[in-house]
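Going in written order, the chains are labelled A, B and C, and every chain counts its residues from 1.
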């Protein structure tokens, strides 16, 4: 406890200042939005439709993702097979996959001219239509089924091995296993997982931009963009922003009460256990489930890669410039994010890690990129040209959005380092930077690399704020891809998608790898 | 009662070998350092793992590859013995039917069993509302109910404080006296073993280093037992 | 201190370099105008050959989005000219205080209407129409038939796209107070609403829909550029709404004289002859005989419909609200 009595160190002072800065950067735009918002009387029927659609699609996406995740997580929990580790890793890929790439992949498979419809037409069946509610939910399930699976799998693997053995000894059949293991597990895990996914889907922009679009399939985030870019009606954009924040806060507070798990946690590579009540039918079922889910995730990525890889060499110069711009934005926002996150994590870890984590949660709720973007526009507009600053603002907002990922990775590790190495360092009389360099930072390399990788991949693939501010000749790669797609250059867009996917995964890999090499853990 | 016949199992670089017989009614303390193979031995008997070579016999039946549930034994772990979502009553009743379809006489047996372990008033509670010692008693009640001739205890009371642990061991001893059970208990603690067991089986690196009556081992101060004295 | 001096030096050098360069004329226009296959490149080359300037086209989304962008940039805009608004948007641009007067006499226009707008000059025009593949069966010939059919259509968002807004005006012109009913009937025919014309046309060509809102002149593209006669425009008995695409000088123009020269150039054959086979519209100042072969095969509507700029501005908001309400059900 002696360490608590020490005077506040430099790092802690910086951490405190940064917390204040982050809060200002988030609250400032929010206040600007609230002040600028029209009265609620200004809401039109189409706005109510956007609110309704946002809630309906998010609820459907959450429910479908979670229900579909149950058999997948169960199969992963009870089957041992070669490539299981790779399969679980694949289930992490959509975290770092640019949304627009996923959408393009889904279009290549589920679009009217896609693989699936080609097959359906071949056998004389009808066609499925991807635009509208179906497509939006499909894309959200594609992006969130892996998250739901990981959350559930975590809970499954957290069941003590003794209890499973006990069930074997007590001769549990399939029914008893479902009743005494699965049902309690699902009841404890599913509501939280569903709310987290619901929350993620309420802030959906890029998916609705491409697959929704019509007034019957517009999310609030998309309506903000439209009010801003189409009508240049800042009062309405701000009003919609207030509504968006309200939705996020309500859903977020509920989610935070119910779910603490992040889905990033370890333990997913624990070996599967043999479960009681297993049958041949169950085994075949699990194989089928893993196949279908695997194909659902992999085929769109393969489709976009297969169609786009040949187009990379012929991509126009503007695409390569956009790629370069995106790399700079991603590196800049990652650097900013890391700079902010490290002192904050150290400060929080040294004091109240648990409350700090919850604060981080609230932070991530408050950050709706388009709302922050709108607010920043309102603040910057009177003094400077926000369009000329589009890349800087994009980088800043991306850094803010990525901050919670980094903090969630860093705070537990910093708290643990503080609890173990920190005491040792105190006992050895290490102080200040020496203490930080030798005792704490080495333990943070892995989570730092991982978190920075997430931040970089996220920023690389983001199509949000940049769409709001975009200026001709200032496109990032995702925006350039969207424009190529919009101007009927689908193949170039697919080429850009492959490039974007490679860059996102590459940046993640570089940072994550950098954290592991020679790491002490 | 229990016989290992040139039994051998390989787990990575670790190898456990045994060739011995344990008579009915024996109460054996399985001792050894961490990683010496105590848990592996119990797992083999229970059927969680199968031997690579040789056989395991229980009551003159070759159970080497028999399903866990078909073996005439009960097992008690250090923790994880109870399902947190079920009441004490239901946790015990699992020993009769995992799906909890109970007849009246089943209910009476569950209640009687709870009486025997000294928890007559706890039937409606959830495990989280019980103390550690009470949780162990619930698990014991289920074991009693199942009434299998062989009982395996895998460091069952290690999480309890010494006084409570002693009390639980005495309870097990009383129950075993009544039923004449054969019992194997994996433990770190020679004093625990002395409470309950009449024979000691010491494992070292997967091999049986000592197998003799406990009293004798303690009396002669067998050098190999020195670390546990 | 040192860095300040270097920076000052660099600014001076950059300024000097600029002074030697030709003046830049920045034209904001819609995306498809500046693509490699659009009119932009040929027009840029032709104008730069005579103007002694650097003509820069900047694509900023579809037509209506261009207007939104100009309002968003306000006084800070680098743009000198806006090209690609249509008569449904001109009043809004003037009202927003963006426009300067052009002071150019345009006597040789070949529009189907008389032109008197002091802020804008037309460069091309066309009839909105639903384009379909020629082998499509049961092509509807009224909005009512279309609404009653299960034909799948892609349309554009009237807030960002001039064809989208044109369709709004078209339905309003034909049905008046009954427009809401027609839109409710059309709602289940709409596959999706795209932000711009190119997205919609791309989706149509990818077979995501049976028909797309475009122009009677669109089949000419397939016929002439692709030698594919497999496309047609559906003729509606109720008449077709007319689009007149215009350009005008912005208040933010640096060199009004240069901007005026561009508008004058816009009405010469060097510009006008590029239009039919790149923008696939009727040129606004070119004799019909000068149209390329193939244009004579196009559907010419019997009835042309159009609102004046003031009328269009007056009904826009309500028509938009009707449209949003009907399609958001």
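In this section, a residue touches a chain if its C-beta (ideal position, glycine included) is under 8 Å from a C-beta of that chain, and two chains touch if they have at least 3 such contacts.
Predicted model, so just to flag it, every value in this text is computed and none were measured.
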Task: Farthest chain (mean CA position) relative to chain B - done: C
Task: Contact-richer chain pair (by C-beta pairs counted) among A-C and A-B - done: A-C
- [ ] Go ahead and note the Å separation of the Cα centroids belonging to chain B and chain C.
- [x] 84
Task: Distance between the centres, which are taken as Cα means, of chain C and chain A, whole angstrom - done: 38
- [ ] Give, as an integer number of Å, the spacing between the C-alpha centres of chain B and chain A.
- [x] 47
- [ ] Indicate the residues of chain A shared as contacts by at least two other chains.
- [x] none
- [ ] Quick one: which bits of chain B touch chain A in the complex? Just the residue numbers, please.
- [x] 43, 46-48, 67-69, 73-75, 77-81, 83-86, 94-95, 98-99, 154
Task: Complex contacts: residues of chain A adjacent to chain C - done: 44-46, 49-50, 53, 111-113, 129, 131-132, 211-218, 226, 229-232, 385, 387, 472-473, 483, 485-488, 490
Task: Interface residues, chain C side, partner chain A - complex - done: 31-32, 35, 58-61, 64-65, 68-69, 71-73, 76, 152, 157, 159-160, 187, 190-196, 198-199, 201-202, 205-209, 321, 323-325, 327-329
Task: Contact footprint of chain B on chain A as seen in their complex - done: 160-163, 165-173, 175-176, 179-180, 184, 276
